[in-house]
Amino acid sequence: MNKNRMEALTDGIIAIAATIMVLEIHAPDSFTFESLRDQVPAMIAYLISFLLVMLSWYSYHLMFLHVKRVDLRVYLANTIWLLVLTGIPFATSWVGRFSNNWQPELTYLLITALWAIMYTVTSHALERANPELKKSVNQESVMGIIFRYTMLVGSLILLPFWPPIGLFSTLVLMIISLMFNFRDEKRAHKNHSI
Amino acid sequence: MNKNRMEALTDGIIAIAATIMVLEIHAPDSFTFESLRDQVPAMIAYLISFLLVMLSWYSYHLMFLHVKRVDLRVYLANTIWLLVLTGIPFATSWVGRFSNNWQPELTYLLITALWAIMYTVTSHALERANPELKKSVNQESVMGIIFRYTMLVGSLILLPFWPPIGLFSTLVLMIISLMFNFRDEKRAHKNHSI
Amino acid sequence: MNKNRMEALTDGIIAIAATIMVLEIHAPDSFTFESLRDQVPAMIAYLISFLLVMLSWYSYHLMFLHVKRVDLRVYLANTIWLLVLTGIPFATSWVGRFSNNWQPELTYLLITALWAIMYTVTSHALERANPELKKSVNQESVMGIIFRYTMLVGSLILLPFWPPIGLFSTLVLMIISLMFNFRDEKRAHKNHSI
Amino acid sequence: MNKNRMEALTDGIIAIAATIMVLEIHAPDSFTFESLRDQVPAMIAYLISFLLVMLSWYSYHLMFLHVKRVDLRVYLANTIWLLVLTGIPFATSWVGRFSNNWQPELTYLLITALWAIMYTVTSHALERANPELKKSVNQESVMGIIFRYTMLVGSLILLPFWPPIGLFSTLVLMIISLMFNFRDEKRAHKNHSI
C-alpha cells in the first residue's frame, strides 16, 4: 500500500484528536477570572493529553522513518492505535470534570495504557512486514517497558487513595520518556545514523 | 487535474469525518461507571463506523494506487462518495441513541449501502479515465458483490424483527471484507505485483 | 514561499470547512422519520454548500496547477478567500433553519458572491506573480462572468418574493459551472494541454 | 526526524485551530438582522484571530523553508508553540463575548504574546540544529521586537481605561507586521535569494 497516504491520513486524525479536546474548554459565562477557576482541572487535563499525543507521535513517526513496506496488518494495527487515540478526548473531558474521582482517572490510565500496547503491536507488525531491518523499529528498551508497567501498576494501587495519580503519573512518564528520547537522539547523532 | 491534491483533500475529509463522530460521545455528568452505561450503544456505533470508514479507505486508496490520470468525472464521483461519507456521523449518532428502532438502523444501512454504490461508481470513472489499465481497479469480485447485496437484502428483511441487525450486519460484512483483503494482499505479494 | 505547504494548509481548511457543516445536522431526539422532517431544509442547505465548496475547489486548484511562484500577495488573497469560505458554514446553518426568510438567504447569496470575488482577486494576484504565463490562470470566460452576475442580480430582485431563490440559484449556477468545466476539460484533453 | 511529516502535522493543527473558532459563531435563533447584532463582537474577534493565525503561519513557515535539519528540541518548541495556539480559540471566544472587560482582553493579549515568545524560542532551536546557516532564520529585526513589546506594554497600561485595546492592538500589530513582510519579500526578490 501507499505508505505516504497512510501517514498523511494518520497525521490528519492525530491533528484533529489533539485539537478537538480544546473545544471542551468553553469560555465561561462571566468575564471574571473567578469564573475561570472551574476550568483549571480541565485545562491541566488538556495540557497533559495534548503533550502526551504530540510526544507519542514523535516516537511513533520515528518507527516509520526507516521502514519501506507497510501492509494491511500494519494498517490494521495503526487503525486500532488511532481508534484508541480517539478515546483520549473523551477520557480527558471526563477526568477534567471529575479529577478527584477514581473512576475517570482509572479510565484515563487504562486508555493511555491500551494506547501504549497498540503502539507495541504496531511496532511488531512493522518488523514483520520489513524483515530486512537489522534492529528493532521500536526504540523502547526492556528497562523502559519494565519502568512503564511498574508505574502503571503503582498508580493503580495508589488510585483509591489519591485519584489524581492517574493524570500525574501520565505526566511523569511523559517527562521521563522525553528525557530518554533526547538521550537516544544524541547517541544516534554521534553514530551518524539519523 | 492534480491527483496528489485530490487525494490529500479526500484524506483530510475522511480524517475529519472519522474523528468528529467521537464528539457525540460526551463525558457523562457524573463520575460513576453507571453513568457511562447510557453511552455504550453510542460507543459501539462509533466503533463500527470508525472501523468501517478506515477499512473502506484502505480499499479505496488501493484503487487510486496504480492509476495515473484523474479527471473531472472521477473528481465528481469522489466528491459524492465524500458527501455520502459525511452522512455517516449523522447516522451513527442517530443509531447510537436509538439502536433498538428500525428507522435509525434502516437509515444507517441505506447510507452505508449508498456509500458502497458510490465506491463502485468511482471505480468505473477511474477505469474510464485510465483505459490503458489492463485489469479492473476495483478489486471486488462478483462473488463479493453478490454476497454484499444478499447481506443487505437479508438485513432489510430482518430489520422489523431485530433492529440492531443494521449495525451488526455492517460489522460482519466488514470482518469478511477484511479477510478477503488479507487474502488479496497475500496473493499480490506472491505475484510480486505490489 | 513554499507553494506546497500553502496548498496543504489551504486544503486542510477547506476539508474542515466542508465537513464541520454537517455537525449542524443533529440526530433528532426521537427515532421516527417524522422527527427528521424538521432537518430537511438544513440537509438541502448542507448538500448545496458541500457541493459548492468541493466544485469551487476544483476550479481553484486548477488555477494553481501550472503556476510556479506564489508570493505574499497571493497568500494574502488566498487567506481572505479562506476567511470568506469559513463564513459559509455559518450562512448554511442560518439559511437551513430559516430558508423561507430573505435575510438568511440574502446573507448566503452575499457570502458566496464575495467568495467568487475573492476567487477573481486571487487569480489576478497569481497572474501578477507569474508574468511568464501566456494565458490567464483563471479559466472563467467573460460570458461566464456576465452570466454569474446576471444571476446574482436577478436573484436579489426575486428574493423578497421567493426567498429560497438564494439557495436555488446557487445550485443552478453550480450545475452550469460544472457543465462548463466538463467542456473545458474535453477541449484541453484534445489539445493535449493537460 | 522527518521534517515533512512534522510540517504536515503542524499545518493540520493550524488548519483546525483557525477553523474551529468559527463554530463559536452560531446561527441566531431568529431570522432578523437584529438577531445578528449580538454576534458582531464575536465576528470581529474571529476575524482578527483568523488573520493573526494565518499571517503568523506565513512567517513561521518561512523560518523552516531553508532549514534542513529538525531535531527533538525543535519539535518540542514547535509543540509548545502549537499548544499556545490552541489557546487562541478559547481566548477568542471569551473576548468575543466580553469585549468590554479587561479580564478577557488581558487573557487574549497574554496568550498572543506567549505565542510570539514561543515563535522566538522555536527560531533559536532551529538555529541551534542548523549551525551551518549563515544568517538568522528568524527575520524579525531588533526594531521589530522593540516595537512589538512597546505595543504590548502600552496596551497593558491602557487596558483598564479602554479594554478593547487588546483586540485593537493585535490588529494594528498584524497590519504593521504584514507591511514589513511585504518589504522583506521585495528586498529578497531583488537579491534573488527567494
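As written, the chains take the letters A, B, C and D, and residue 1 is the first residue of each chain.
We take it that a residue touches a chain if its C-beta (ideal position, glycine included) is under 8 Å from a C-beta of that chain, and two chains touch if they have at least 3 such contacts.
These figures come from a predicted structure and were not determined experimentally.
*Asks:* When chain A meets its copy chain B, do both sides use mostly the same residue numbers (more than half shared) or mostly different ones?
*Replies:* On the two sides of the chain B and chain A interface, the residue numbers are mostly different, under half being shared.
*Asks:* How much rotation, in degrees rounded to the nearest 5, is required to superimpose chain C onto chain D on the basis of Cα coordinates?
*Replies:* Rotation angle between the two copies comes out at 90 degrees.
*Asks:* Counting only Cα atoms for the centres, state how far chain A is from chain D in Å.
*Replies:* Averaging C-alpha atoms per chain gives centres 27 Å apart.
*Asks:* CA centre of chain B versus CA centre of chain D: separation in Å?
*Replies:* From the centre of chain B to the centre of chain D is 38 Å.
*Asks:* Where in chain A do residues touch two or more other chains at once?
*Replies:* 8, 12, 15-16, 20, 23
*Asks:* Inside the complex, what are the residues of chain B that reach chain C?
*Replies:* 1-2, 5-6, 8-9, 12-13, 15-17, 20, 23-24, 71-73, 75-76, 79, 82-83, 86-87, 89-90, 93-94, 96-98, 101, 103-104
*Asks:* Within their complex, state which residues of chain A touch chain D.
*Replies:* These residues of chain A touch chain D: 7-8, 11-12, 14-16, 18-20, 22-23, 25-28, 30-33, 47, 50-51, 54-55, 57-58, 61-62, 65, 178, 181-182, 185, 189, 194.
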